[in-house]
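What follows is chain A paired twice: with chain B in the first complex and chain C in the second.
After this line comes the complex of A and B, so read on.
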């Protein structure tokens, strides 16, 4: 279906090859996963398939790419629209119309398809994507998973033979991601559609892939079955790291496979030495009887939490459970309907200016909401001036977090991970006593995530500050948090040590815990430590 | 081969544009050019010019010089400008839209500026229900503001650039007011006042009456408009110009597309291009 024949790519105004001599054949009905660190050329590879690169961006292309026998050199992207559907990371950016039905019909309207055919196809897609109950809904009122389904549906109405998705689940919570991936899986198996997906979170998608293209960031690419690639790839989900650490011969790609392979190990009996964390008794945040409601709709009910210095708190729960509302109330963006919040004895609603910056640092879901400067260096200088610290301190902090960012880059041209690091260094330059992050790992690759984890661990353990984060990412929680608070419908339903809360519910357990259950291990490190102690 | 260019009028289009502009200028100036028997006869001139202008835009959009990227830019900026216009409720000339039109035309050029002027006035008229005999005049006036803003010297950057744009904004606001008064004056006052247009009258008398009328009324409209537009430019120009220029760069207009046989040939070619 798709052939890449010795393809190399160079973007305009540069001499760096993004891809080097990539040869690859993708057959009809294959599910191909593209992995690689941020900036390695995953998106370029996907956009080469429908000719957006180089027809839209410019550039020098060596070699040939053909899709269904058509060479992309000769045909512009518009001429391939009936053949290739493309879906981006954030579905909202691609929407043109207001309602689900109109959005589905829009692409066909552009391809000049007869009205009766359009009606039929819209119905067909509504059923295929289980969107029928939502047909008249406004796109803005849909959940993230529903929006992504509409975006996929509006690509599928053109009856493409190939569907290309660039990080389709990185903006979604685990349940919505599951929804989208299982639909893709069905499309491949029921319709013989060829699907190419770029994704960071391998634990979500790897079990669906037939083959993996691994790009290493220097332009080289490897193609192989998931088992081949995972045997030595640096980018791998936690269970693969587990298999390697245990020295197993094969890598298991699903929890089921890994459980079968590790039966002996987890069957043994181990004495558990629990790492004692020293947490001071100094109360930093005290929330008592907190309730919050917007226009008679209750968002938080009677929350009582006490948080000490040095703790890392993970706030978990479904979308709409009240995680962000609780964070914003602690920051002082929402006024509590009843009850009190105090941060170091202050009411967060009343503190302002430099005292606020030194007390609470907040990084919202979209870190670029904090960034106004025209360049990275302007943003850093502003932070230096605001916090009355020596010039260059913020940029130094940023270079420690992620080396190699050019100071003249516009903040919006940075990758997700770099942008988060910039926002984080601006906030951390004020040395806040409490650091609050809302969904910090959306769109981050494994490398950026491990940078984030070590930064936050340093901040909490070494400097003794408090970190609170709202997240869906159980793997992050397992690595980082000392305590988990679980919210459901505005109530606090669980509050306890990370180990206890995560192990008590199988759905929220990290992959390693699922494999090693009933042993109380959350991360690969836990497993290795336990095995070493008991040798 | 290169990626598509930002919309740019070809010589032929420019010729048609100057022709329609001349006709529409007559539409503005008619009280001094002809001895019309009645007020309504004159507006015929002007409708002819409007029809031309709209035809011009359609021709320009349907030929291939306006590609997907230009249309996307035009659509987004039209929506932004049109949405800004009703914010000031139009009272005493406070229409916070001109600054964005001027800044966009500055970055994307005169042809784009002209089309943006037309489309944004048309869209905002539909939004506010402001459709009437004055619409055609406004279309042209806005188009010209965009067109001339695109002709300002390109090389000036930094503070002098903002100073130049502020001067332009003041001039544009005042001239826009003058033009609107021109189309408004003949029929707005009735025929009885001392400043009214005299059909069949002496041109010098009419001109005199118009100038008095303009300065008597313009204080309340044109000066607030000029102050608002130039203040908005001073406040927002560094950020907006930066954002628009970044958009223009990212959209990669007129960037080379080349196909070569091997990786080494690609690297060679990239070096050659970079050397240029």
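After this line comes the complex of A and C, so read on.
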């Protein structure tokens, strides 16, 4: 279906080849997963398939790519619209119309398909993607998962033979992600659609993949079955790390396989010495009877939370459950409709300037919102000046987080993980008592994530500061959080120790916990510790 | 969708009214028309992002009025009449004879510049009324293929503007939380970067969905012209016959209000 024949790609004004001499063939009806560190060229590889690279981006392409016998060199992306559906990283950015139905019809209108055919196909897709109840809704009012389904639907409605998706689940909560992926799985099996997906969160997709393309960022690529690639890949989901740590012969890729393989280990009886975390009882944040509503629509109802120094709190819940609103109320962007929030005795609405920097550090969903300097070093110097600390301190902090960033780089040219690290070091240079992060792992690879985890753990455990993060990433929560607060529709429905909250809900349980259930282990480290203690 | 009018209807209506205001040259009438147009917008607009553009148009109009009036008072040829107050005259070189900065501000001069300002502002506000009543995406569909590139730019611009406003407030918030004093530059740089990235994304998405790859586009929902549209357009054209009918043309659209059926949510 898709053939890459000795493809090399280099962007203008760049000395780094994105791909070098890549040859691969993807057959009809295959589910192919593209993995690699951030900035390694996964998106470029996907966009090569329908010719957006280089037709839209520029760049020098050597070799040939053909899809269903058509060479992308000869045809523009529009000419392949009937053959390839492509869904970008952020589907909202690609919406052209106002309502679900119109969005589905847009591509067909462009191809001048007859109205009666369009009507039929739109109905088909509305059913296939379970969008029928939403047909007249305005796109802006849909949740993340629904938007993703509309984007996939509007690609499928053209009856393409190939569907290309760039990080389809990175913005979704675990349940919405599951929904989207199972639809893709069904399409592959029922319609013989060829699906190519790039994704960082392997734990979500790996069980669906027929083959994996692993790009290393230096231009090299490896292609193989999931079992082959996972046997020695540095990018691997927790389940594979578990298999490696337990010294199993095969790596299991699904929870089911792993449960079969680990029956003996799981079956044993273990004394659970739960490591006691020392958390001071110094209250840092106190939220009492907090309610928040926008234009008579209530967003948060009667929230009561007390947060102490040294705690790492994970705020979880569906898209639109009120996580970001709660964070924004804590940092002082929203004024509570009723109730109070106090951070170290201050009303967060009234503090500003250096006092704010020293009290609350906030990393927004888009870390680049904080940055405006022309280079990394300018950004760091600005933070040094702001916080009246010795020159170079911030940059030193950054080099500890991610070594090897050139000080002259423009922040825009950094990878997702590097940009987060820069924003983090700018914020941390003020040594805030409370650090708040909104969806910090979106678009981060495993390596960047583990850097983030160790930084935040150090900050909370060693320096005794408080960290609050809103996230969909259960694996991150399992590694990092001491306590989980679960929001649903603006209510606080669960608030307790990470172990208790995560184990009580199968959808939000991390992979290791699913494999090792009923043993109360959340991470690979937990398993190993428990096994060592009981040897 | 509540938006059932033909996308051109409100544009024709507001252009006709704008012409009438310009011809009628009566500031009080212009203000009355803008007031009625506001009521029309309040009644007929949906909750879509562009429906807020009336408010931005109103602000823009007021700015133009203020700036125009102050310039009109400061610079220009003197009009004799009752003096309100005097400003110092700034001496100008001889070749600029006939232009004066400062001097006596007469009632007549103030009124005449304010008068022109009101007419100009009203016309702008009327255009923003049309754009807040019409979906730019539907408007794009009735425009001919010949202006395809223009249409592409229009869609990108109209879907970006609401994004733009949201991004500005998001970036401002973030900078405030960083404890920074707000400055133009600190907001502008991240904003420009993001908008550029977004518009490239949108252009890529439209391109890969085949936009503009065929000369003829089919229509999923035909956009039809209803009696209601004719009524509004006819009403808009009334003052072209006689300027005194202008208020009638602003009130007519209210005839189209349908009784909303409220379905109880079970």
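Rule of thumb we're sticking to: the second predicted complex is superposed on the first by the 508 of 535 C-alpha atoms of A that agree within 3 Å, B and C clash if a C-alpha of one lies under 4 Å from a C-alpha of the other, contacts with A are read in each partner's own complex, and residues count from 1 in each chain.
Heads up, the rule we're going with is that a contact is a pair of C-beta atoms (placed from the backbone, for glycine too) under 8 Å apart; a residue touches a chain by one contact, two chains touch by 3 or more.
Predicted model only: the values in this text are computed from it and were never measured.
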item: Combined model on chain A where chain B meets chain C, clash or fit; value: clash
item: Which of chain B and chain C A:130 touches, first, second, both or neither; value: neither
item: Partner chain in contact with A:73 - chain B first, chain C second, else both or neither; value: first
item: Partner with the higher number of touched chain A residues, chain C or chain B; value: C
item: Touching partner for A:20 - first (chain B), second (chain C), both, neither; value: first
item: Chain B versus chain C as contact partner of A:95, first or second or both or neither; value: second
item: Which of chain B and chain C A:347 touches, first, second, both or neither; value: neither
item: Which of chain B and chain C A:56 touches, first, second, both or neither; value: both
item: Partner chain(s) touched by A:386 [first = chain B, second = chain C, both, neither]; value: second
item: Chain B versus chain C as contact partner of A:338, first or second or both or neither; value: neither
item: Chain B versus chain C as contact partner of A:406, first or second or both or neither; value: neither
item: Clash with chain B (superposed arrangement) - responsible stretch of chain C out of 62-70, 170-178, 206-214 or 242-250; value: 62-70
item: Chain B and chain C contact sites that coincide on chain A, given as residue numbers; value: 56, 78, 412
item: Partner chain C, residues of chain A touching it in the complex; value: 47, 50, 52, 56, 76-82, 84, 86, 88, 90, 93-99, 101-102, 105-115, 118-119, 122, 136, 138, 140, 154-155, 158, 328, 331-333, 352-357, 360, 362, 364, 366, 368-372, 386, 412, 426-427, 430
item: Interface residues, chain C side, partner chain A - complex; value: 1, 47-49, 135, 137-138, 141, 155, 159, 170-171, 173-181, 185-187, 189-190, 193-194, 198, 200-214, 216-222
item: Interface residues, chain A side, partner chain B - complex; value: 6, 8-10, 12-15, 17, 20-21, 54-63, 73, 78, 374, 410, 412-413
item: Residue ranges of chain B in contact with chain A within the complex; value: 2-3, 68-69, 238-239, 242, 246, 250, 252, 255-263, 265-267, 269-271, 273-274
